[in-house]
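First the structure, which I've put down as structure tokens, then a few questions once you've had a look.
Chain naming follows the written order as A, B, C, D, E and F, and within any one chain the residues start at number 1.
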Amino acid sequence: MKFPIVFAMAAFAALSPAQVFKLTPDQLIRYTANNPFERFPDGRPKVPDNILERVKGLSAEEVFGIERRGYPNLYESGFRIVKPGKKLVGRAVTLMLVPLRPEVASVDSTGLPSNAPREKQISHQSALNLLQPGDVIVIDAHTVPGGIIGDNLAYFIYKRGAGFVIDGQIRDLDGIREIDMTGYYREAVPSFLTNCMVAGINVPVTIGKTTVLPGDVVFGDSEGVYFIPPAAVKAVVDRADETHIHDEWTKKKFDEGRYQSTDIYPSPIDSALKKEYEEYLKKHTQR
Amino acid sequence: MKFPIVFAMAAFAALSPAQVFKLTPDQLIRYTANNPFERFPDGRPKVPDNILERVKGLSAEEVFGIERRGYPNLYESGFRIVKPGKKLVGRAVTLMLVPLRPEVASVDSTGLPSNAPREKQISHQSALNLLQPGDVIVIDAHTVPGGIIGDNLAYFIYKRGAGFVIDGQIRDLDGIREIDMTGYYREAVPSFLTNCMVAGINVPVTIGKTTVLPGDVVFGDSEGVYFIPPAAVKAVVDRADETHIHDEWTKKKFDEGRYQSTDIYPSPIDSALKKEYEEYLKKHTQR
Amino acid sequence: MKFPIVFAMAAFAALSPAQVFKLTPDQLIRYTANNPFERFPDGRPKVPDNILERVKGLSAEEVFGIERRGYPNLYESGFRIVKPGKKLVGRAVTLMLVPLRPEVASVDSTGLPSNAPREKQISHQSALNLLQPGDVIVIDAHTVPGGIIGDNLAYFIYKRGAGFVIDGQIRDLDGIREIDMTGYYREAVPSFLTNCMVAGINVPVTIGKTTVLPGDVVFGDSEGVYFIPPAAVKAVVDRADETHIHDEWTKKKFDEGRYQSTDIYPSPIDSALKKEYEEYLKKHTQR
Amino acid sequence: MKFPIVFAMAAFAALSPAQVFKLTPDQLIRYTANNPFERFPDGRPKVPDNILERVKGLSAEEVFGIERRGYPNLYESGFRIVKPGKKLVGRAVTLMLVPLRPEVASVDSTGLPSNAPREKQISHQSALNLLQPGDVIVIDAHTVPGGIIGDNLAYFIYKRGAGFVIDGQIRDLDGIREIDMTGYYREAVPSFLTNCMVAGINVPVTIGKTTVLPGDVVFGDSEGVYFIPPAAVKAVVDRADETHIHDEWTKKKFDEGRYQSTDIYPSPIDSALKKEYEEYLKKHTQR
Amino acid sequence: MKFPIVFAMAAFAALSPAQVFKLTPDQLIRYTANNPFERFPDGRPKVPDNILERVKGLSAEEVFGIERRGYPNLYESGFRIVKPGKKLVGRAVTLMLVPLRPEVASVDSTGLPSNAPREKQISHQSALNLLQPGDVIVIDAHTVPGGIIGDNLAYFIYKRGAGFVIDGQIRDLDGIREIDMTGYYREAVPSFLTNCMVAGINVPVTIGKTTVLPGDVVFGDSEGVYFIPPAAVKAVVDRADETHIHDEWTKKKFDEGRYQSTDIYPSPIDSALKKEYEEYLKKHTQR
Amino acid sequence: MKFPIVFAMAAFAALSPAQVFKLTPDQLIRYTANNPFERFPDGRPKVPDNILERVKGLSAEEVFGIERRGYPNLYESGFRIVKPGKKLVGRAVTLMLVPLRPEVASVDSTGLPSNAPREKQISHQSALNLLQPGDVIVIDAHTVPGGIIGDNLAYFIYKRGAGFVIDGQIRDLDGIREIDMTGYYREAVPSFLTNCMVAGINVPVTIGKTTVLPGDVVFGDSEGVYFIPPAAVKAVVDRADETHIHDEWTKKKFDEGRYQSTDIYPSPIDSALKKEYEEYLKKHTQR
């Protein structure tokens, strides 16, 4: 059913003027101008599903080179992971939470706790409401205490989107683990989220030493998380195919048991082996 | 067979005057006067088995509210866990270990190492000897180095009681993991316990930022450990039943796919939904 | 000379639309609506100089109660301090630096490094240019590496304003120590600031676990820093006067050598002493 | 005037039965039976003033050997120090604070906060009231938040005793620094002490990895703190005199510029130098 | 096929003079003179396979006593482990990597990055080339950033040797986890190894607080890693057999449910039980 | 008197073959081949005194650029400093200490403790004996516990050389502070050095994330320590003179009060100001 998604867009329009930091669709388009793909109605880049599928086959090693190709500050580690064996891939929806200043929060009803009527409140749940299929909620909450989501909201994310990256706390870890979805967080606590306010939704946020933009492709493995700009994602997956073939060939040669590691890796020294590899690469790239 | 338990009581009486810190049964009763349940002969509150069974169904989130209802300082995290997926529930038997002062330890033979005959020594094992079925040994050992238990003593705890919470070190982790019992500890080391003395058995102890009393209900999940006073445990499990129903209903509504997270959670906004929930709650509470 | 200040305002107007996060004067007024004092042309609250003078006489202990009077999240510690014995008091000018995303930074020339002509660049120095007498530059740079100021820019701050609070790194500490001004920072390094972009100037920023607004009164002592909202500052300094008298009287009584600490502190128990204190308070408040 | 001291003893007698952990004078004497000196009326060992004077001339290096002579677990470091250049020497009065359990605290009015009348409360100040000239208050507060003393109570300690060692927080550091007394603590915060209870006064307490007994000689320098048992203190100061002479001779030889470090230190190799040193030692020991 | 192993020896000879730190076979024999077993051609002790098999049955607890028998500084913990449930046992081949000094690295082509032809470079892979069946590569890389091995080189180690202990970083953790081999490391990162040079191969290296010699028996369990000198390994495995029997008997007695922990553990008190144990031990040792 | 220095050389020759890691003078010359200055008889580069004098006027900021000019891995921070206001400048003599392996240490008598006669022992003092005027002892002791020097050996360093950088512990801090010399260390403890062995003297060592060579110029300020290769030191000091002039001019312009920080810093934008600066630079460089 399309209804909730339309509703989400409407909700977005409504809340757009109502946080400290916000971007109009035009502004979001301007700051992500090099996006080569479609966009959502709110301006957020929409990397196609088939590209996301190919990202799921990547390893962090294959994304690594991206920093040297003009896209710095995209990798963050030090998370705890709900399901360490499961990759997290999706499009970023972002949320910035900051410590409560009641005089600021009361202006737009962005605070927790709040005296405003529930339907007027802008909260962390307002960002969850925006999730589309394939979306990952990315939350900068490094300055606020309390579990941002528990098993109920995690279940909502699972029904709507693809997972979460929270630079902050969650609660009810055992309940969340029962859901077939992974997520990244800093600490699990029993306490509820409180004493904070929404500073911005779908604005650039920092997650550790990275800056994340709405629409970035989230790629999480058991080491950490990459936030890949839409403009870079195609080159990354194309190059990864070659890496897969290279690793396949390298291991085949090691299986033969005749070679030292330096004979073969990172690339063959011997010219006959070089040629053998190039032919292997050519053949398997064509397939 | 009842024999070992009677023996334990006798042992307790014998060692009662023999540590730096100790409580007579009268004193223990006085400090836990609000206990609504039976007691062990030594004055320790005995939360009934059927309540412990209900505690096993709790999540940390459901215990959380207890701090606001007049019971602060009951939650501690930062442990390593022998079997993270397995809940730990039981009644606390407490032990306080402190760095050795030989002139103090020699008075009551409470030290490690000790020159006293084995049968006169008061050691960490003296506290293990007191364990009854359903008991969890809770040890403040944050100031002393060395593994307090290895696989042999862990096996003894398993045969007698329900598990352990050690604010300190253990050893032989691989051997302990083979036993069908969980436990919480700070670090696994190869070295034996030494250079310490028993300061008290079944006295109040601190575990991190909590104070634990003998007879508290230990509740450990994959996030941390709660120590629930007997006086509070009934209210906690009763309230948890309602939380279970609430979460069940919330997830059912999310399954319908028609609602935003804020429509339903933490409670429905719309009056028809409110009424629907209240009827659901009533119906399922009755069952 | 007024020239540079007028220039600063002009510069502000010019750069106002040119960062990711920005507030118009109207927005800034709206988020600080409870400010009882004048404002700068850009909407920033201007706590009067005579109040700032009284703040210089405070101790952190005297500010402490503010959190319970409705102003949470205002204290941050864990800084290194250029001159630990010297209090830092002034009005906050804020700056948010985040890790560089070149596609974002190139839009408004907010990045470091930058290919844009110097006069078009928005940098951390753009925020320094806004400093007025009595201003403290408050910089959220917890996600970016490199020394944000060295001795040259510290000297500029000294000539223009009152000091700095940097949730990040500085460089050339020995040179900065030679200037008659204090400052708070996290770490001193030899490296230059780079690989970052300006996210906002005179917007709300987080410094550790606090949210700081432009115009907040910065109060730093040897323990940490308070950011006092303009709306609260008068009550804080008034109440501090009474605390000063209380401490004076308490120490006089301790000097007499006849009393236990509990006889006198935190308040006298004996009714005659109570009366004596009240008269002392009344008399010294009147002076 | 003797009055307050008599009063202190009376106060001690009164509060003695009123904490969770307590020792009668007989028990305290039993646990410190090897004390070779006089005792206070409450059983606490009283190392004579002339010995304390000699302790003031020690360095931590000179106390170090004590651990190998049968007195382990006496050294703790990692403190912040109010006046790093000033040695702290005195007799320990001990206090144990633990997280509040209201049902325990209400029994003897040992909690903070408390509803009991001020004159019935047992608090951290009850321990301060016991201080005698030359006493150092030693507080185990590693599990409780909030500043245990501020400038008023620090002033009281200064008037009565010799300083403090607090394994926990203090507040109003700037005010405390103005008093001519040093102290050791873990962190300075603006918040008041709360949410705790007194577990024992003048009982054995742990400070980091040490166990401290009432009457131990506290020795603090710029590296850390030693707690020297009365039974060991005479041997320590006697041996230190020889170390002073050894260091004096060693430096004189180094001043001559003719020797390698190994020729002289830790003891001379050459037999003529050995003899020279022995004569020097003999001569200067005699003085 | 023997060919690659012969090749390895040749390679070793060739590179032997080519690092900053190196040992001739004679020197290596001199520093491991108490080795009771055969040696590899390069002088490295070769603990026999049947002893390694017996080491696989050990627990860290059983190795622990070794430090008191004259072999200190052999245990290190704090690692992350690729396969925590799988023991790592093998003979150490060592490698020391240090931060690059280009003027040093250029002399022997030991640096990364390097301009020298591939076949002249001495790199971390040169050490991997030396691996024999049953060998564990032990790398001191605590001062250098970047992943020393990824899935390709891990696969090479798997084909040639038995596993790795890296006091440093690895990359491509997910890929390495797919290989049927365990390893110990400090952190997983996406970045490649760079900015370092080889300081020595098959020289003594430090791993945390241990010194490891080529030929030491590596023993890793889920707590940490022991490096057992060849001279000590026989005594360790012999003594472990007795410990196994002791633990077996202890648990049998606990199973009977009639004994307190102190009756049985660490050894029986009662003389009849003592005798029972001794007979059990004798009987089972004979088998 | 020259005697001890000649003696030192002799000692060096004697001990040269007697550690695990050692370099002949030829080897040391080979690894520092780009040294443009004289050498000591043992091959160690000898940066002239007049250059060392100019280094004393540097700030860390002025050394910083060196990493981009081909000399990476030279800066380390995180030290405690004996006299933070005093710069440390001198030529490095290096020492590597590692955890004791008795079978290795007994070969060359390099261990602590040792049973060898004092005159045959190679210890940390053997490295101190090599110190020449202007030398700084640089010790890698990050893996060994205990205070490497106390006040006696610090006094020896003061009489012979210029200071110390110890990646490890020292003892007797108060005694060391009385000497007119600064030093860098990680922690002050009361315990003596033990349980270690000398791995090498005047060999490359790692200090944190740097590799230090014998003869490097040590430059320590209140932020950290640079180890400057002899080949780079001339360029560093020459460039620093220009930086001094630049900073002087910049501050003069800020004193005028007419300029924004961006008008002047890091370099003037306006062409007239640019010219003014260039003339100032030229004039002051000529002086």
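What we mean here is this: a contact is a pair of C-beta atoms (placed from the backbone, for glycine too) under 8 Å apart; a residue touches a chain by one contact, two chains touch by 3 or more.
Not measured: the values here are computed from a predicted model.
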item: Number of hops, subunit A to subunit F, where each hop joins two touching chains; value: 2
item: Where subunit B and subunit D overlap in contact partners, by chain label; value: none
item: Farthest chain (mean CA position) relative to subunit C; value: E
item: Inter-copy rotation, subunit B to subunit E, in degrees (Cα atoms; steps of 5); value: 120
item: Geometric centre distance via CA averages, subunit F-subunit E, whole Å; value: 35
item: Interchain centroid distance [CA atoms averaged], subunit C/subunit E, Å; value: 54
item: Per-residue overlap in subunit B, given as positions that touch at least 2 other chains; value: none
item: Set of all touching chain pairs, with the criterion as stated earlier; value: A-B, A-C, A-E, B-D, B-E, C-D, C-F, D-F, E-F
item: Interfacial residue positions of subunit E with respect to subunit A in the complex; value: 1, 3-4, 7-8, 11, 118-119, 121, 123, 125-126, 128-129, 147, 150-153, 155-156, 159, 171-175, 177, 187-192
item: For the subunit D and subunit B complex, residues of the former touching the latter; value: 20-21, 23, 30-34, 70-73, 98-104, 107, 143-144, 195, 197, 199-200, 203-204, 206, 208-211, 213, 229, 231
item: Parts of subunit A lying in touch with subunit E, wherever the complex brings them together; value: 59-61, 63-64, 75, 77, 221-224, 226, 247, 250-251, 254-255, 257-262, 265-266, 269
